[in-house]
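Every chain is named by a letter (A, B, C and D) in the order it is written, and numbering of its residues begins at 1.
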Amino acid sequence: MKHKLQGVLPPMATPFTADEELDLAALKANIAKWNATGLAGYLAVGSNGESVYLSEDEQQAVIAATVEAAAENKFVMAGAGRESSRETVGAIKRAASVGADCALIVTPCYFKGQMKPANLEAHYLRVAEASPLPILLYNVPQATAVNMTPDLVARLAPHPNIAGIKDSSGNIAQLSEILRLTKEQDFAVFVGNAEVLHSATQLGADGAILAVANVLPQLCVDLMEAVRSGDLAKGKALQWSMSRMAALVTSVYGVGGLKATMDMVGYHGGPVRLPLLMPDQAALEVLAAELKIATSQA
Amino acid sequence: MKHKLQGVLPPMATPFTADEELDLAALKANIAKWNATGLAGYLAVGSNGESVYLSEDEQQAVIAATVEAAAENKFVMAGAGRESSRETVGAIKRAASVGADCALIVTPCYFKGQMKPANLEAHYLRVAEASPLPILLYNVPQATAVNMTPDLVARLAPHPNIAGIKDSSGNIAQLSEILRLTKEQDFAVFVGNAEVLHSATQLGADGAILAVANVLPQLCVDLMEAVRSGDLAKGKALQWSMSRMAALVTSVYGVGGLKATMDMVGYHGGPVRLPLLMPDQAALEVLAAELKIATSQA
Amino acid sequence: MKHKLQGVLPPMATPFTADEELDLAALKANIAKWNATGLAGYLAVGSNGESVYLSEDEQQAVIAATVEAAAENKFVMAGAGRESSRETVGAIKRAASVGADCALIVTPCYFKGQMKPANLEAHYLRVAEASPLPILLYNVPQATAVNMTPDLVARLAPHPNIAGIKDSSGNIAQLSEILRLTKEQDFAVFVGNAEVLHSATQLGADGAILAVANVLPQLCVDLMEAVRSGDLAKGKALQWSMSRMAALVTSVYGVGGLKATMDMVGYHGGPVRLPLLMPDQAALEVLAAELKIATSQA
Amino acid sequence: MKHKLQGVLPPMATPFTADEELDLAALKANIAKWNATGLAGYLAVGSNGESVYLSEDEQQAVIAATVEAAAENKFVMAGAGRESSRETVGAIKRAASVGADCALIVTPCYFKGQMKPANLEAHYLRVAEASPLPILLYNVPQATAVNMTPDLVARLAPHPNIAGIKDSSGNIAQLSEILRLTKEQDFAVFVGNAEVLHSATQLGADGAILAVANVLPQLCVDLMEAVRSGDLAKGKALQWSMSRMAALVTSVYGVGGLKATMDMVGYHGGPVRLPLLMPDQAALEVLAAELKIATSQA
């Protein structure tokens, strides 16, 4: 990696046209705007990029377009987790072939009852061995109903090709343990839940990958920098200005809420793919009201 | 459909070689043996077929091989659910192109918090409209953490291209409600949990799609027929002989347990794909002991 | 016990006056009406009796009044579970002192993470040893978030003072296993979920303790008898006539819904104690409509 | 209240003799030792005091003994939550009669499906109206499977007799929202999860009620003071020295683990009441090893 794995990344929403076709021009226009902010890089085809709704070819096109549009000083992380170890390796290789810098590998989860620590450990070790890119573990129990324990993360962290983790659990006790157990390693810890960004940064998180950073990128960057520079009061004020906004575009209204809010602030959000639905009028009003609060504080 | 949608189907395990490559010869050998039983048909690339670990090409190959190997009097159901409505339609079309009779469509689930009844309803209606094959709804909350309510099923059942449901919840109250609410419809209800097969059949289920039917196909067929013919005592005896076996090859040891047990009775089970792991020695002994009980009663 | 442990029991609602005081006269009036039905007995101070809202003295008064009002041919089961083993024994002794025939002992649950099989086994054995009355295990994971496995039940069943179980999980696979594993024992299995009454009876359950039996006692009795006498079609028709009613007075609207419905059919329901609330007008209309369906079929 | 509601409190373990009888002398001896630390006060008959295993008389005796033994500068909070609003008021009155300063009222939870925000709001308002003591809300979803949302807390906070909350969810996003929404109120926010003490304090929590404070009271006090005085590095070092210890005496080994560890450091822990069990030898060794780590850093 030419870039250090740290800083704020948006898990980029993937724009579609009105008939649900991929809209790469809109994606590139978003990236052009984000290039002017303090974002450290981009996550292409993550959860919020509706990766599960994209074909393999579409995923490849999104990653390639991101690499192409990203400014020199930004790195590109590609979502490349699949249910099987072998398919995961294939997805990483494809991402590598178009220039992604690293790959984010979500825990397999379809057979949740069988995804014991031994299964996850074997999976990540096989993937890490075969991967042409540094990989990051990705723990998102809200979507997967599978949780990686800090002890398991600590066993995987020393592997030279396992570069870090994104933990979206929102569980600060768990994040704290991960930081404690990996503090001697070269291991980048990204928090994936904006509502705990202040605390995560204060505990030592290296970066953050946050849906709300699609909408309010600089606010997220400023928050992390305030905490790092010791201005905790400012950090807390920024946190409190956007916590509710962050919840609305994730757990409350999901990707539809995120895209609708992106449209409100001048990014290309656009429609979601079915079975996702766009927020109704009442939800749009809630989003607009909260957005006003968040941006007035920023 | 030339065949009536009823009877017992195995959600076929997908055999692999020692290096995890698809082993279609072994699959066809299994089907040849099953052709001699009372099974009504085959489910290709369902959950127990490790469909989530197969590439699109591999899935296609498995469906085609199943169509080719199935006896005249057996029908072929293909697992074709994807997270997005449009990808699902594509998967059904591919399955249709190689001769599948119908398609089983699991509920989308990655964004579980957003999979509200309105989303699921919109999804299934769009898929049903565009599908060249009759589709069956598939409810398996153990894997998806999403549940389809009987009321939602009842709203979808009248659609001419929605031919039925597989409900694997194991929740008999729910299955009973589905049967009650759809009893006037031409709608096939398959139970997906062998531990409640006796009760489900007695309440009027049309068929069953059961992991354990990979191992003990005729026992499952005999159980359903005993109940239908009014021999409830025999039905209960068969149920009690195999309930624990059925649990071992699903919730307890998963697909690895299923494949190991298939090997014990002369089918081709073979290895699973990582991140699944095969059962350890202690588990193999439990499986063998329970298999002895189940087969001595059959 | 002079009575055999079998048949249908209502977990009696406990009537209160408008200012939430115990109304024993109303309770006795209910029992007088129930005495004329085929109910086998009464459960005093069970969950639906709002036992958790009654003081120890009030519980004692309810049990005593029930013993007094019950017809000769009805038996009285008293809810007497407490969190600690010693308090449970005390509650059973008090119930025995006023004439209860047996005691229903819910699984302790406050420290759910610690309620492992070994804890539950030690609890029930100590209670059984010290109890002056035969006890029944009570498994209701919806309320307790603790589940007793069939294996644990099978280990406890041989104890001479453990007379049976009420399983309200609604899980027919589990109930079937309990019946299978205890079929050689003198062990009474009561189902506690009316929505699966038909299937539970068909599998061999000895009795049922059902909230809806407060409202439609004879229908529940008739259903069990129809199934036992082999008239499964009638059993299923009765089941389907009341399944939704049963859900409304339990999982949907709770004890408030139950009491409101009792008032509609001429029993004394009356108010609940705070923090429970009575159903609103819309809910009352749903209850009335469903009641009409259930009673027209009965 | 003569004391300000802030600082660290142990939810005191309740010592028993070998035959499970209340040991008030041991309790008072513990308090005498704690009086010499920086603890702000004591929580009598909280969850960790095995309150659910104590009779009403025993609870009263524990509260009275705590009031008697507490140093002048310590306040006494009494656990007084009951399932019904009226029983809760009675419990608070009894606690007040022996000198408790305030009462901690856990969310009712037996009928979890019915404990909607409206029910909880009505409950706390009725209790607050009738209570002779200031009350604190108590949210502990791990035990109750009921969660109080920040919005509900914010609606209750202005009541003059609702003095604060103990939130044991461990959810920092939720705690942050509670702090944000009540920051203009005279409302004390206590965190109930030691693994997030550093972050909670940094966000502005007024105090903490922590099982591990039974064992390591001064470490917890020092941690809060370090963070408040701006020495975040020291705060984090203390946090990391005791996070695992805190987990062991709560979620991992429960009250048995807590009491065993108290014995190791010279407090009176002693046996638990059945159905709780003491940790086995392997667990004792884990506890001892972790205790060594925690105390060496303190």
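Simple rule for what comes next: a contact is a pair of C-beta atoms (placed from the backbone, for glycine too) under 8 Å apart; a residue touches a chain by one contact, two chains touch by 3 or more.
Treat the numbers as computed from the prediction; the structure is a model and nothing was measured.
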Requested in this report: Give the chains in contact with both chain A and chain D, ordered by label.
Outcome: none
Query raised in the report: Which chain's C-alpha centroid is most distant from that of chain C?
Result: A
Report summary line: Cα centroid separation, chain C vs chain D, in Å, comes to 35
Report task. Let me have the rounded angstrom distance from the C-alpha centre of chain A over to the C-alpha centre of chain C, please. Result -> 49
Query raised in the report: So which bits of chain C are touching at least two other chains?
Result: none
Query raised in the report: In graph terms, nodes being chains and edges touches, is this line, ring, star, complete or other?
Result: ring
Query raised in the report: What are all the touching pairs of chains?
Result: A-B, A-D, B-C, C-D
Report summary line: Per the touch rule above, chain B residues touching chain A in the complex are 20, 47, 50, 52-56, 83-87, 90, 108, 110-115, 118-120, 122-123, 126, 142-143, 145, 251, 254-256, 273-277
Query raised in the report: So in the complex, which bits of chain C are touching chain B?
Result: 170-173, 176-177, 180, 193, 195-196, 198-199, 202-204, 232, 236, 239-240, 243-244, 247
